[in-house]
Amino acid sequence: MPLKTPEQYMESLRDGRVIYWEGERIDDITTHPLFQVPLALMRSDYDYHDPELGALRRYTTEDGSEAHRVFQIPRSEADLNTRVELMRGAMSIGTAVSSVFMALMSVKDDVGRVNPMYAKNIERIYQYCRDNDLRGAEVITDPKGDRRRRANEQDDPDLYVRIVERRADGIVVRGAKLHITAASVVHELVVMPTKAMKEIEADYAVSFSIPVNTPGVKIINRSFAPAELNSFDYPASAHHSCPEGFVVFDDVFVPWDRVFLAGEMQLAGTLARSLGLWERTGGVVESVKISELFVGLGQLVTEMQGKDHDPIAQNSIAELITYAEMLRMGLDYACRHYETSHSGMVYPNVLAINAAKYYYAANFHQTVRYLHDLGGGLTMTLPLEADLRNPESGHYMRKYLHTKAGVDVEARMRVHNLIRDLTADAYGGWQFVVALQAGGGLAAQRSMMNRTYPMARAKARALAAAGVKPA
Amino acid sequence: MPLKTPEQYMESLRDGRVIYWEGERIDDITTHPLFQVPLALMRSDYDYHDPELGALRRYTTEDGSEAHRVFQIPRSEADLNTRVELMRGAMSIGTAVSSVFMALMSVKDDVGRVNPMYAKNIERIYQYCRDNDLRGAEVITDPKGDRRRRANEQDDPDLYVRIVERRADGIVVRGAKLHITAASVVHELVVMPTKAMKEIEADYAVSFSIPVNTPGVKIINRSFAPAELNSFDYPASAHHSCPEGFVVFDDVFVPWDRVFLAGEMQLAGTLARSLGLWERTGGVVESVKISELFVGLGQLVTEMQGKDHDPIAQNSIAELITYAEMLRMGLDYACRHYETSHSGMVYPNVLAINAAKYYYAANFHQTVRYLHDLGGGLTMTLPLEADLRNPESGHYMRKYLHTKAGVDVEARMRVHNLIRDLTADAYGGWQFVVALQAGGGLAAQRSMMNRTYPMARAKARALAAAGVKPA
Amino acid sequence: MPLKTPEQYMESLRDGRVIYWEGERIDDITTHPLFQVPLALMRSDYDYHDPELGALRRYTTEDGSEAHRVFQIPRSEADLNTRVELMRGAMSIGTAVSSVFMALMSVKDDVGRVNPMYAKNIERIYQYCRDNDLRGAEVITDPKGDRRRRANEQDDPDLYVRIVERRADGIVVRGAKLHITAASVVHELVVMPTKAMKEIEADYAVSFSIPVNTPGVKIINRSFAPAELNSFDYPASAHHSCPEGFVVFDDVFVPWDRVFLAGEMQLAGTLARSLGLWERTGGVVESVKISELFVGLGQLVTEMQGKDHDPIAQNSIAELITYAEMLRMGLDYACRHYETSHSGMVYPNVLAINAAKYYYAANFHQTVRYLHDLGGGLTMTLPLEADLRNPESGHYMRKYLHTKAGVDVEARMRVHNLIRDLTADAYGGWQFVVALQAGGGLAAQRSMMNRTYPMARAKARALAAAGVKPA
Amino acid sequence: MPLKTPEQYMESLRDGRVIYWEGERIDDITTHPLFQVPLALMRSDYDYHDPELGALRRYTTEDGSEAHRVFQIPRSEADLNTRVELMRGAMSIGTAVSSVFMALMSVKDDVGRVNPMYAKNIERIYQYCRDNDLRGAEVITDPKGDRRRRANEQDDPDLYVRIVERRADGIVVRGAKLHITAASVVHELVVMPTKAMKEIEADYAVSFSIPVNTPGVKIINRSFAPAELNSFDYPASAHHSCPEGFVVFDDVFVPWDRVFLAGEMQLAGTLARSLGLWERTGGVVESVKISELFVGLGQLVTEMQGKDHDPIAQNSIAELITYAEMLRMGLDYACRHYETSHSGMVYPNVLAINAAKYYYAANFHQTVRYLHDLGGGLTMTLPLEADLRNPESGHYMRKYLHTKAGVDVEARMRVHNLIRDLTADAYGGWQFVVALQAGGGLAAQRSMMNRTYPMARAKARALAAAGVKPA
């Protein structure tokens, strides 16, 4: 089947999906104002004929067909670098979550050892989505209720997604999943267990993929962006919002050929962890982009007011550079020192990605402080474009926001607006939380570092340095 | 003249002032949607009969009349504590800026030594505003153009407010001032020089107070809050916004009896610095409030999901407590170890206020990181109240946001909403920048600490400890 | 009995105590080179006739006799301030640990409710030590073995001090205690349980006081200072070392009248926690001293090389000031907002002390970084006094270490030496660890903050701000 | 000429050099106790027949002779990696400073363009030292006197090294240089200007190389290690000390064929900066080593007391891992993305090295805090080996320092000792300062980052993101 056109993508969303937002049930998201920015982004990822990015967006599968490159399983360092390039510049977050298929493929063999049917299902769904140019969401985090209790001990047994019925033709699941980026604008919901499960929690060890319009699926949306924003005042968020979904499974039937796990609790942890690497890789790619923007913005805002020789400003810019460079070097390392699965799939170095992602998350707030220090009060108090366009107020704004020859007032305003939009407004708030929480929060990254660091070597070297002879 | 009623305050704003916002010139701000939240706040400060706060809001002047307590010049530690109590709980930011009159009074004697008329003008304006229950804005920051050049060296001589004409009956001024909180909703614009001035900049050494509706004054507004917000989803910003003004003086005439400085450049620095102490005191009072909120929110969000025994969560809460307690102790110290001017005016300890404000500003971003770590992804992805009220989506939200007995889902949502609103949304962004920039930015506080620290004593003790005998 | 003279103190140490250091058993510590600096310090605390400090060192007891002020139980804010003054300037660490008697007295009533004999023993020992001008050590930390196991589950049951025999006339104890500051140079070892104990650990719930020369007591010493140091090169550590003791109880008999706890495990936690407050108060007093020294040293080293107008240097000094002032304000608050026990004993505010101590400990390393940045390479590479006194090398040192008029080369060297000695040499290393670990480490302070913060109020305010009505 | 043997190296130091230390003029350093540890290290670098490291230490020059690899000019990535391997594991600091010849060679062409004789002198000295297996010190930092004044404005014109006489056969120089690592134990002093010079400072634009025993050269030494230390108690510093030299040039004659710069002030900055890269590369290599040790030590000390499941300990270890991994990735990047000079010399990426070195320096203190938190009080209070070997005290130490099966008490002691030695003792203090100051301090790294960051690209991307069209 050929690649979809942007129009075909839009058409494919008119499939009866049950969508709520701002108190309303929305029958056709393609025409609803709240969805215009996210859909414009999603649509652009189907622009395979863009002269600059089109070639990056597609690849030729082993079957000789063409598919979106998000489906390409890296088999070499070059593939990996191409994927990073795709993530960095040619794919919106709504499409990026289709990396979930890569996560699935990465554990296919492990899953197949327990039940070969699961492996076949993974393979089939992957090919189906790839060949039909569909998108899938990463559906992982359960509501979890009371954190001190296990899934089966909650007041309401549905606080983790669970199998409520096993039938000859499939399973019936009930529960909800939180923080599901792009759930309303993709085609498939790829559901994973949220964590490792004990034997007594076997009904919670469940994984599958179903279309968004499957009966019983309902999605309640939330976004930092209430609607369309002016791109002068909101240079980033006018173009980059994507709704998060609160996804409900109200006794949803899943046929066996879409099930990847149904009770084999020993696999729950494997599937749960499979997503983290790619989510965090996405976080590191984003960190490289945004931290470089911070340097550029910090320098511009400083130069534009003639403060580039101020030692304190130079100091703050150097701090921004350190952050940007350490992240860039971390990503480079992770790709160069890639790892390879038994089946030949290439993926970024796990320890490197986790260390870089943690460094990003743990230092994001403090780094923004340097940018806020450089930006000054105008970051918050700059009047809007509308006031600039009003001839009366605009006249004064142009006069008094002048700083020196070569600095265009509108450019200066846009720079301040981007700083505010990225770090001190609704989108900025989202950035703070996402930098910290995406891919599982600080604790998840720390835990992966503790697990994957070559500790035996470090201990041996420390013992040798301490003068302890090997036993 | 008696205290104004809230209605009289609203009436007093219909005075022909020239106000712009979102591209529109607004003739009557009292009826315009954008001004409803700020004006509700301003109006509440005129509620002198509130059973709880009314008494705190008013005091008896030395003339025996009643006035808003923002005009009370502290003469004792008790007065100072009362003022802090007022700042903490019974006065909005729009009224708080009337502290500018206290700043003026604090330098009245110094100014009078150079020109007795200025001192008389200060006294007169102070009494006039106090007796007519008016509000005044702190009008200080000039656009400044190219920071490497002095005021008189800019491409456009108007980039700092300056005297363009001296007449028998007064002066004519031109220029603009930025970041003027509440400018559109007060009565008087109290203008200060932004910094010390050299002899060649004498025309820029200018200070005065004029009514907002004076011909030639135009105010362009900006706020983080676009309009009225739902108080369930926006528990803080639904009630707390106040516009910042970009204030233009387009050849404004100021009669001599309203002038506090007109060319005596040796006083420019004195006036410029007079505001900082009270602005920073306001910042420290705010810091004590918000940091205590952070502790409460951190603990609530943790308990509500049953994580209160998690060591990492306890660690984050302890960090929030340290921040809150160090700030509270700093404010307490500043008030107890107050300073007294020659004329008997009591004010907070300057070094203490600057140290506490700096500690607040320098550590705000990092402290929020702890709260974001505790809050988790729900801080960003929680659906809106409207979806909770929709019976279909609301049913699922209540079911799946349940955690354990005793935790009300709506209360849980409100707690997450307040975390988001305060730290990860438009108002939160404003908080980040304001914590850093209000009262002059990190550099201004550092500079005041370097100036006011008892360095001679510290050096003597260090030399003694090093074994250096006093010369 | 009258106060001891310094000579009588020295004589009192020749009592047969069993002391090890550097592989040697030392029969008379008063003549051994390793003990000369510590004993000089201890001796100075017996100088009750010092014109400046003598009066501060002694007080009149309720019995009308004179005693060292370390025994004075504060009954008022003034008493508390006097005690802080004593701690700050007139008492060495070796005497300061006698605060252990205050800790005992603070829990006397609680202990007495379980067994009145214990309370009487506490009172008696307190009076005995006070009236005989003796010193006591805080003997608390057990070796603890494997931290995952309780006291009674260790491979060796002696890894926590325990009762091995109960006799008619007393108990026999076995075990060891670590990190016992000044153990070898005091008279009494006041032993406390290291933590709360469970019923099954009853034999480990033991507290008592015995003379250092009691049969079976052995002390192995350690200090950062190997012996006497030159006070030019080591301005601080030449005068301030005090050995830490590894104290062994090899089946030591303790008569009943010296026992404060013997099996009533419900009191173990009470006794264990009683010491923390005074240890941490000592830490905060020390922090105020050392942080002020850091400011003075930072400023001196900067001025002496003519860098006082360098913005980066000013920035670092402002950071040092912030640290010093926040600590000073914290101590001031803790004393002003003192707490009072049922029996009328006054002690510093517990939350304040823990917050300030935590702030001190958590930020000490980073603060030293600022001082190291100011100090430059000379902090490590400055030649010794001996080379200055050698006429050949000394000539060159004087010539090339000159910076400008008014800066004496020797004073400059002493300033660099003090920075190195305090922060970048053996004593400096001790400071880093002690700042962090004294009074129980970061975790202990965090835990006390979590326990003592007025959390109900903070939660109520947060709920009110979130719009949640009280139930 | 063949490679030297260790004995020949020792012999070569008996050349009449003028050396001072601890007030004494030392005639033969090879027999003096203070020099034994440094010379053992230096000697080991001449062990070309070590089965493990010998091959790494030598290489075949383009002339076919064998030389120490420190002289090998990297011409490929492989060469660069070999050099890093050499720096990491097979070369002491005293030999590492011979990298100064590489710095010289890297600017040879630039220098030659101004004066071909200088280039020839550089080439000749390089070959002479390489072929005679000599070592050279990096002699750069002047005393600088009053930092607000230029070299020629100081009270004493000698506060920067300068040319006092120009003769037909050479120049006479006077002045001193500080912080010269290994000056007393090498053969050549390679002198560089400390900074860029203005025209009026032309006499200070001077660079040359002379033997250590040249008449007029005098070296005053300083080290953190007073003499030989026990390697059980001091596992690191017993083996790793190297004296810093305060080097005096008392009217030293330098023949023209050893001069690299004599007045062409436009080259002073080029030479001054040439050293920084290799010094900082050395710092980054050291950082990778020490940070991995920190991880190993942190993990060992935690496991050994059974705390490896403690979440707070795991958190601290993850912080240590992040630091170690970010540094390791930075070094890897710097070598992979190497730069190449016009003459084909390969060197590490300048921006990468500066960013990694800054990250190392700026976070070293805080990182050590995590290790100190893990190490606990025993880091400071552990008794010495001598007490362990004494049967009486040793018995108790073995008994009470036991934690659990599989943990050897001596190994545990050694681990604690290494933590103390590396971070909380005299050597540890040196590490703090060296991490910060080596290669020029934080400001120098920041300045290099500000200079070398691809700012044009970052600004262009920021402008594009802000919506500013390219002009």
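Letters A, B, C and D name the chains as they come in the text, with residue numbers starting at 1 for each one.
The rule we apply is simple: a residue touches a chain if its C-beta (ideal position, glycine included) is under 8 Å from a C-beta of that chain, and two chains touch if they have at least 3 such contacts.
The shown structure was predicted, so the numbers you read here are calculated from the model rather than taken from an experiment.
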In this assembly, which chains make contact with subunit A and also with subunit D?
-> B, C
How far, in degrees, do you have to turn subunit B to put its CA atoms on top of subunit C, rounded to the nearest 5?
-> 180
Dist(centroid_CA(subunit B), centroid_CA(subunit C)) in Å evaluates to 43
How many angstrom between the C-alpha centroids of subunit C and subunit A?
-> 51
Rounded Å distance between subunit A and subunit B, as computed from the means of their C-alpha atoms = 38
For subunit D, which residues are shared contacts with two or more other chains?
-> 310, 312, 315, 362
For subunit D, which residues are in contact with subunit C within the complex?
-> 20-25, 141, 143-149, 155-156, 158-159, 175-176, 178-179, 218, 220-222, 224, 244, 246, 248, 250, 305-307, 309-310, 312, 362, 364-366, 368-369, 372-373, 375-387, 389-390, 392-393, 396-397, 399-405, 420, 423-426, 428-430, 432-434, 436-437, 441-443
Subunit C residues touching subunit A in their complex are 310-312, 315
How about subunit C: which of its residues touch subunit B in the complex?
-> 231-232, 235-236, 292-293, 295-297, 299-300, 314-315, 317-318, 321-322, 324-326, 329-330, 332-334, 336-337, 351-352, 355-356, 358-359, 362, 408, 410-411, 414-415, 417-418, 445-447, 449-450, 453, 455, 458-463, 465-468
